[in-house]
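So, here come the structures, one by one.
Shared between the two complexes below is chain A, which has chain B as its partner in the first and chain C in the second.
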Partner chain A sequence: MEFKVRAYRFNPETDEKPYYKEYTVEDYPGMTVLNALIKIKSELDGTLSFRRSCRSAICGSCAMKINGITKLACKTQVSLEIDKFGIINVEPLANMPVIRDLIVDQEVFFDKIKAIKPYLLGQREDEAHNRFKTLKEGEKISQPVYDKSEFKNLTGNEDTPNCILCECCYSECGGVVGNKDYLGPAALAKLYRYAEDPRDNDKNGSRLVNGSMPNGFWDCVHCQSCEQFCPKGISPVKSIVRLHEKSVKNSITFSSGSKHVISIARSIGETGRLDEIKVAFESGGVTGLLNDLPVAFGAGLKGKIPPLRHKLIKDMEDIRLAYKELDLEDKL
Partner chain B sequence: MLKHDVVIVGAGLAGLRAAVELRKKGIDAVIVSKVYPTRSHSGAAQGGVNAAFDENDSWESHFFDTVKGSDYLGDQDAIEILTSEAPGNILELQSMGVVFNRNDKGGIAQRPFGGQSFPRSCYYADAVGHMMLHGLFDNVLKYKTKILYEYFVTSLLTDNGKVSGVVAYDIKNGKFEGIAAKAVLFATGGYGQVYSSNTNALINTGDGMAISINAGVPLMDMEFVQFHPTTLKSTGILVTEGARGEGAYLLNSLGVRFMSKYAPKAMELAPRDVVARAEQTEINEGRGVDGAILLDIRHLGKERIMERLPQIMQLSIDFEGVNPIHEPIPIRPGAHYSMGGIKTDYNGRTAIEGYYSAGESACVSVHGANRLGGNSLLDTVVFGRRAGIDIAEYLKSASGDRKFDESAIKRDEEKFEKLKKSAGKERHGLLKSELQEEMRANVGVFREENAMKKALDKIGELKERAKNIGIDDKSKTFNTDIVEAFEFSNILLIAEVITRGAILRKESRGAHYRTDFPERDDSNWLKHTLATLDEKGSVKFDFSEVAITKFKPQPRTY
Partner chain C sequence: MITYAYYPGCVAQESGKELDNATKFIAGKLGINLIPMPEASCCGGGVIDGFDKNLKLFINGRTLALAEKEGLDIMTICNTCTLTLSEVNEELINNPESLEKTNEYLAEIGLKYTGKVKVKHILYAVRDDIGFDKLKEKAVKSLKGIKIAPFYGCHILRPSSAVKFDDVENPQGFEELIKALGGEPVSYARRTKCCGFQTILVNESTSTSLAGNAIYEAQEKNADVMVTPCPLCHLSLDTYQTVAAKNINKKLSLPILHLPQLIGIALGADYAEMGFSRHNVSLRGVMAKVRQNEI
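After this line comes the complex of A and B, so read on.
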């Protein structure tokens, strides 16, 4: 069966703006979108440019938009796409500048990975290096003991060490759309991976402190796209939420994001209601409050200004009980 | 023109491991790779990395298993280093941040692997290569290593008998760059793309080996190509040996565990050469299932599959349309690993002063005629590390009496420009497919003189047609068309070296099986082959001795 591939084309040397080019390809059972692109390149048009390497969903090279959705071309079956859309539309990833055709500039993405210090902090490696030995006849080596449970968030199938840095999450991230300096899901998931590592020697909590700065994990907009589009079934947003929890638990609460969370919890814990004015003040201080004024004014015009004084709600005791149950009281 | 003390070409495990060793000492080493480091093929390694940790195991046992696995062609001095340094290397990786699954005692969990007499393969589910690659990459970032990614190395330069640097093509903008250095390490991986139906990434085109033989450095034992017994029928994608390590069965069309006939003791966990031949025999004799064998893991149960083999499960669903929890996986042998490569000693040194190689591109030789599963990841870190240490030592005394021949940059540039202007009608992508199919059919699991001569004729024909290659893409920005054309010339050269070596070696040993010479012949062939090119560019062979220190060759049965 023949089908059509409609490819985004752009070569900065010759094209003023991007255009789409259509190719007709012969299908075979099990053909993937990457197979189709390779067939086009080797038989029809050698100028079509895209990245590829392992073709088995582990290297992360061939992430692109296929019929509007970010995917790995190598693990996307042509037949399923054709059944659904009747055509294969391929476009480069979003949130990164296009170099050519389906190839984007990944420099910023990897700069953000570097920015979170993706390695164990402390001197452990040197310790081990000093212990390194070539075994003599009959000699054994003793190994450090770690309980399974210490690695429980690092050895599951959905855990972040399985991330292949394919940039699918970054391409779909709502946070990056709004703020191009936001670190994004992959880098923050990696930050979590090291913060969670029992061998990490980050005594002063610098990871959580740095991650709490602007553009860090409090800037996640919780759109859940990273989880939805991850080709490896990982949930970066889950890691980000755990980072929120970790930093609040460790009293790293200088960021407006953490203050916001705490203030909301406290407001509900105290009155059973969300006291928006108080929350705005406690999260951002006077500046925060002033910044929110236009919004408040707009809301006021529509008759939606929150009450200045909150009354206690009925069944308040139940809420307090729930807080106690969740072990939240001490932390607030 | 760039200048560094060390250039590391290739950013898989061996290259990154060497880089960490050098950067930790503050040495000015730069990594050059044709892909971003995390795209390297080391990441696709699934099952495990071997090291003797258990109190009932010993590195000496690992040593012997590896020698026997190599069909006695491995150099025993090097294998002794590989196995006695294995546990130390794994612990070092662990301390760098690599995560391994744990056993109940709190140590590193280990699973059985083919040809190993003890369960000694350390793993991270079925993605240990991925874990190690990313762990080492993170360390390379820790030591603020300069990485020139998406640079395609085109030449290795020497002067005064010493290495002087490399020429590289910047794929992003089409510019050629000279990089002068006192030491160069090639950790450029294998050549799986010589064959159709292979487990390798599309980037594995034997570039480093081809550049080396062109620069006069011998390639050793190139006729030994490993065919992995379990690759997905339709795509050749790897299904880890760890599946059999966890207890999977191999079944023929009669539902029989046929390995009982070929390796009654080891069964499915015989070494790869034995299992691949057994499967091919079953298929050839009509007991295959649509040209494949069945790998059955259903009896392991859903929970164990999800815990230990999650990637395999997903790959089978995505690429073969089979859920292994409910159905057996159709598999067949596929080209997987190059035992041969750039001849080095156990410190990574080659025939040229200052020029090193490590990992799959190198031949130390620790794998001899057949590599055992779980020994290749080990090879990359043990010898990547050793090369790093040796280079650091070398730099202390390395003299600067060598010039970087800048005309080489121009020469390579002109080669590219000439190809762009060619009016030739041959398409390199199609020539590659023809070559791959020829090599699979005639220089595969079973080999025979006449068939291999036919392959050689085909290679000769393709060399002629390759002169007439034209490329569509004339631009400078990310021109992958032209890179692929040069990759094709590399695999074509490597295919010829493999085929000529295979015709020359008139015996059967390890992965090299000749139906016309079915026995191992220690009196004539217990030796390494060394391939070089003569002035006319024809492949010629020399031989070197195998280092036999502890274990005298014995018949090899499992």
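After this line comes the complex of A and C, so read on.
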């Protein structure tokens, strides 16, 4: 069966603007999008540029947009895409500048990975660590404290350390689309992985403090794209939410994001409902309130004013009991 | 007649009251019996697990148990409520430890959950329980000639491990509904992207640029109106549209409908019944076009 590949083409040195070029390719059973691109490059057009290496969904090189969604070309079957979309439309990853055709400049992505300090901080001086020092040559290294099971299902999904840095999540991230300085899902999932590593010796909680700064984990828009489109089944958004929870539990609550979450929890604990006015005030403070005044005034003129006082939901004592059972009353 | 435990969520009962009213209007016309849940609490606005993940389980497990006690499935009209209740449902069904822990709490308040409840957003309740063909038969106004941009948003589609109504890569439920009502669905890339609402009080610039660019793209594709299945998206897209326009430095003026309002128009509701005066961007132009379309 013949099918069409419509490829994004752009060489900044010679092209004024990007354009698309169509190729007709002959299918074979099990053909992947990467197979198709390699076939085009070797038989039809040697100038088509794209990254590739392992062909086994482990190196992360061939991530690109396929019919509008970021995927690994080597893990994507041509037949399934053709069934659904009738064509293979390939474009470079989003949220990064294009170097040529399907190749993007990854520098910013890796700068953000570096920014979260992807290595163990400090040195543990406890007994477990000292066992390392007394190892004899050839002796099996059993990692102290480190227990694989602690990482397993850390995110409620697959193993966070399985990240292959393919940038699929970064390309799909709504937070990065809205704010190019946002650290993004891969870096923040890695931040969580280190924040939870029992070997990490982050005595002053700097990971959570730095991550709570602007462009950090409170800027996640919760669009769920990172979890949905991770080719390794990792859920960065769940890692990010765990960082939120960890910050609140450790009273690192200077950010408006944490104030927002606490305010919603407080509102539910008081009335069982979400008090829109109170949450807006408590999240943004006076500055936020002043900033939102024109919107609030406009909405008010249209009659969209939430009640100032909320009736309790029926059986409100049930909700209060949940807070009591979970020992959350002092966090409100 | 099909009966649901009705979970409108907080916004539709407060600033987005027009959504609750429109839902009740179309439910009456379509024969959907909505049983109120006065004991149900807020789902936590999609962020409550950032405060405490067990609190998310407990309060939403309680909502599910309340519906199960009545032998009813839950109908939602908000994407985020849909996802939160669905996520908790999946967790309680698939993780015996979470179910046991939640049921210990529920036992203290005289409830128990066994995992029987289904959570369904109104878009897919209408598709699956009424059928778009039957909806078409009941319509008294055609949306012919009206270009309608469906804005799915995130939580009705993603993650597909929890919400399983449509094809996450190429959903069609919304388009099928629009076509059934005689309208013309506008195809645009941002129809499944984020409206940014979750950070609107935390990082307004990020939030409104997402909403603004979605509106702008639909406008460029000549949409007459955009429709959303979520009151939180509606706040971003309609209430904050002026701020979004300023942020992305583009002229924006696209009316935004709640999904039940779109159905309501086809079922003959008038301007006042749908609460259009509560919208930031006027619906008068769209309604004038519909008025000419007698079936």
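Worth pointing out:
As a convention for this text, the second predicted complex is superposed on the first by the 289 of 332 C-alpha atoms of A that agree within 3 Å, B and C clash if a C-alpha of one lies under 4 Å from a C-alpha of the other, contacts with A are read in each partner's own complex, and residues count from 1 in each chain.
In this text, a contact is a pair of C-beta atoms (placed from the backbone, for glycine too) under 8 Å apart; a residue touches a chain by one contact, two chains touch by 3 or more.
Nothing here was measured: the structure is a model prediction, and the numbers come from that model.
Contacts of A:Ile58 after superposition on the shared chain: chain B is touched, whereas chain C is not. Of the two partner chains placed around the shared chain by superposition, chain B is the only one that A:Pro12 touches, whereas chain C remains out of contact. Of the two partner chains, chain C is the only one that A:Asn67 touches; chain B does not reach it.
Of the two partner chains, chain B is the only one that A:Ser42 touches; chain C does not reach it. Looking at the shared chain after the overlay, A:Ala94 reaches neither chain B nor chain C. Within the superposed three-chain model, A:Pro306 lies in touch with chain C and out of touch with chain B [touch as defined at top]. Once chain A of one complex is fitted onto chain A of the other, the partner contacts of A:Leu165 are limited to chain B, with no touch recorded for chain C. In the superposition on chain A, the residues of chain A contacted by chain B and by chain C do not overlap at all. Chain A meets chain B in the complex at residues 11-14, 29-30, 32, 38, 41-43, 45-47, 49-61, 75, 77, 99-101, 103, 106, 110, 113-114, 117-120, 124-125, 127-129, 131-141, 143-148, 151, 154-155, 157, 161-165, 194, 197, 199, 233. Residue ranges of chain A in contact with chain C, taken from their complex: 67-69, 84-85, 174-175, 177-179, 182, 214, 218-225, 227-228, 235, 241-242, 244-245, 248, 255-257, 260-262, 264-265, 267-268, 272-274, 276, 279-280, 283-284, 288, 291-292, 294-295, 298-299, 302-307, 313-315, 318-319, 321-323, 325-326, 328, 331. Residues 10-11, 13-17, 38-42, 44-55, 58-59, 62, 83, 105, 108-109, 154-155, 158-161, 167-170, 189, 193-194, 196, 198-199, 201-207, 209-210, 213, 239-240, 242-243, 277-280 of chain C are the ones touching chain A in the complex. If you check the complex, the residues on chain B that touch chain A are 24, 35-36, 38-41, 43-44, 53, 55, 58-60, 81, 84-85, 87-89, 91-92, 94-97, 99, 101-102, 104-108, 124-125, 127, 130-131, 134, 138-139, 141-142, 172, 201-203, 234-235, 237-238, 306, 310-311, 314-315, 318-321, 427-430, 432-433, 471-473, 475-481.
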